[in-house]
Amino acid sequence: MLKKTITPRISETNITQHIGHNAIPVWLEEGYTEIFKMFNQNLAEPCLVTVNLNMDFLNELFFGKDVEIVTYVKKIGTSSFVLHQEVNQDGKLCVRGSTTLVHFDYSIHKPVPIPRQVCDLLRNHLLVSS
Amino acid sequence: MLKKTITPRISETNITQHIGHNAIPVWLEEGYTEIFKMFNQNLAEPCLVTVNLNMDFLNELFFGKDVEIVTYVKKIGTSSFVLHQEVNQDGKLCVRGSTTLVHFDYSIHKPVPIPRQVCDLLRNHLLVSS
Amino acid sequence: MLKKTITPRISETNITQHIGHNAIPVWLEEGYTEIFKMFNQNLAEPCLVTVNLNMDFLNELFFGKDVEIVTYVKKIGTSSFVLHQEVNQDGKLCVRGSTTLVHFDYSIHKPVPIPRQVCDLLRNHLLVSS
Amino acid sequence: MLKKTITPRISETNITQHIGHNAIPVWLEEGYTEIFKMFNQNLAEPCLVTVNLNMDFLNELFFGKDVEIVTYVKKIGTSSFVLHQEVNQDGKLCVRGSTTLVHFDYSIHKPVPIPRQVCDLLRNHLLVSS
């Protein structure tokens, strides 16, 4: 499990006085920057492509209180993997997100297998269903 | 079916030289502003809450060419409805989005039924499966 | 002097692999949220209007290292005041910002004097030239 | 003079029900994308650095009406130039912006002279004071 604290920004507070849903993908991505680094320390050479993002907005989020994002690995395939994320504020689960990422080689413009040592790192964060 | 043309912005082009997936929810929302107006001409009195957003990223999007977003109503419930959206650039389907919105009364903080005349307007944009 | 730490977001890293200048006004605003609260604890009743923003971009900012923003009050007028801000990363001054804000009554749509007790609070953060 | 029409986005409407000042640098940049192309057709090889941005916010901007941005070249130096921009909505001048850009060679990390043929192109858009 990865943990990340996000401070909502006043600019993310919209006309309805809560955090707009458009801000959430940015936060979720912050939640898994550690996973980018497992693949490549150099963020200037990206190698992950987002192919699906699903978000359930369960409770409103507000400016003024920090938000905690927890990230688990839900599934690991040959060249893709799925992340499960939960965004909490003030003890309430506010957003549940699921992101599917593909390991991608931009030079040949094709998916490539996830290296075994990266799989091992990902496995450390596997969501274990009880 | 609603149609909207979006011009990608240079600021939406990210480190990988294509449009970041974070920009897409903003575009999808632009695609259905007409639906906000069906509920309330005054955008300062919002009455719709996004409860789910699902996006499939099928092809890369680039700066430099306009994007066309088509929006259909997929399903109408008592107080909620589901939109189906397609983002096309250069003749390619790049993103498929599904958004679930709830008609919400902020004064009582509860979902309320979609008024009949709004249902009629929504029905004009129903996705008809062939 | 007000201090605020900002963690740059991966989505703020642009095509040139550093933080785009478009992200900076958002950060500067985060730097002075305490000043909003001096005027009104309820951020849903805004009463400050930005009338000028000037930014000198002195050094590149990067993803991966926290940024520190210091905010001083440079000048206090009858209904307006000027903030001076410095954005530092890794011991380097990267941006120097100057923001002019006006105390504004949205109900009459006019500038109004800054209350005396707010002036006193602002004065605690005055930039003292040596 | 360059002209560009921008459609304000609902996500750019903030808590005060007008367009937040944070959105403006993004719009101004859209106003001068043609100038990027004078230097380099390939936006993936950026060669311009923003060193100063000054904005006067004269009138509120709202969602729901298109905005027109006009861009002039105010001054051309050896390796830098200054743009003057005006953002109009509904016949009102809402923002006046001034941007200083430097022609920059990222490989040597230094400013370099603006090529003569680019100077000629820039001169076509010079602001002529009457």
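Each chain carries a letter (A, B, C and D) given by its place in the written order, and its residues are counted from 1.
By our rule, a residue touches a chain if its C-beta (ideal position, glycine included) is under 8 Å from a C-beta of that chain, and two chains touch if they have at least 3 such contacts.
Predicted model only: the values in this text are computed from it and were never measured.
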item: Equivalent interface positions on chain B and chain C, same or different at half; value: same
item: Most widely separated chain from chain B, with each centre as the mean of CA atoms; value: C
item: Distance from chain D to chain C - Cα centre to Cα centre, in angstrom; value: 22
item: Distance from the mean Cα position of chain C to that of chain B, given in whole angstrom; value: 34
item: Between chain B and chain D, centroid-to-centroid distance (C-alpha), Å; value: 29
item: Interface hub residues of chain C, defined as touching at least two other chains; value: 10-11, 13, 15, 17, 22, 26, 29, 43-44
item: Chain B - residues contacting chain A, complex; value: 15-16, 21-22, 24-26, 29, 43-44, 46, 49-58, 106
item: Contacting residues of chain B [partner chain D, same complex]; value: 7, 9-11, 13, 17, 26, 29-30, 33, 36, 43-44, 63-64
item: List of chain A residues in touch with chain D within their complex; value: 10-11, 13-15, 17, 20, 22
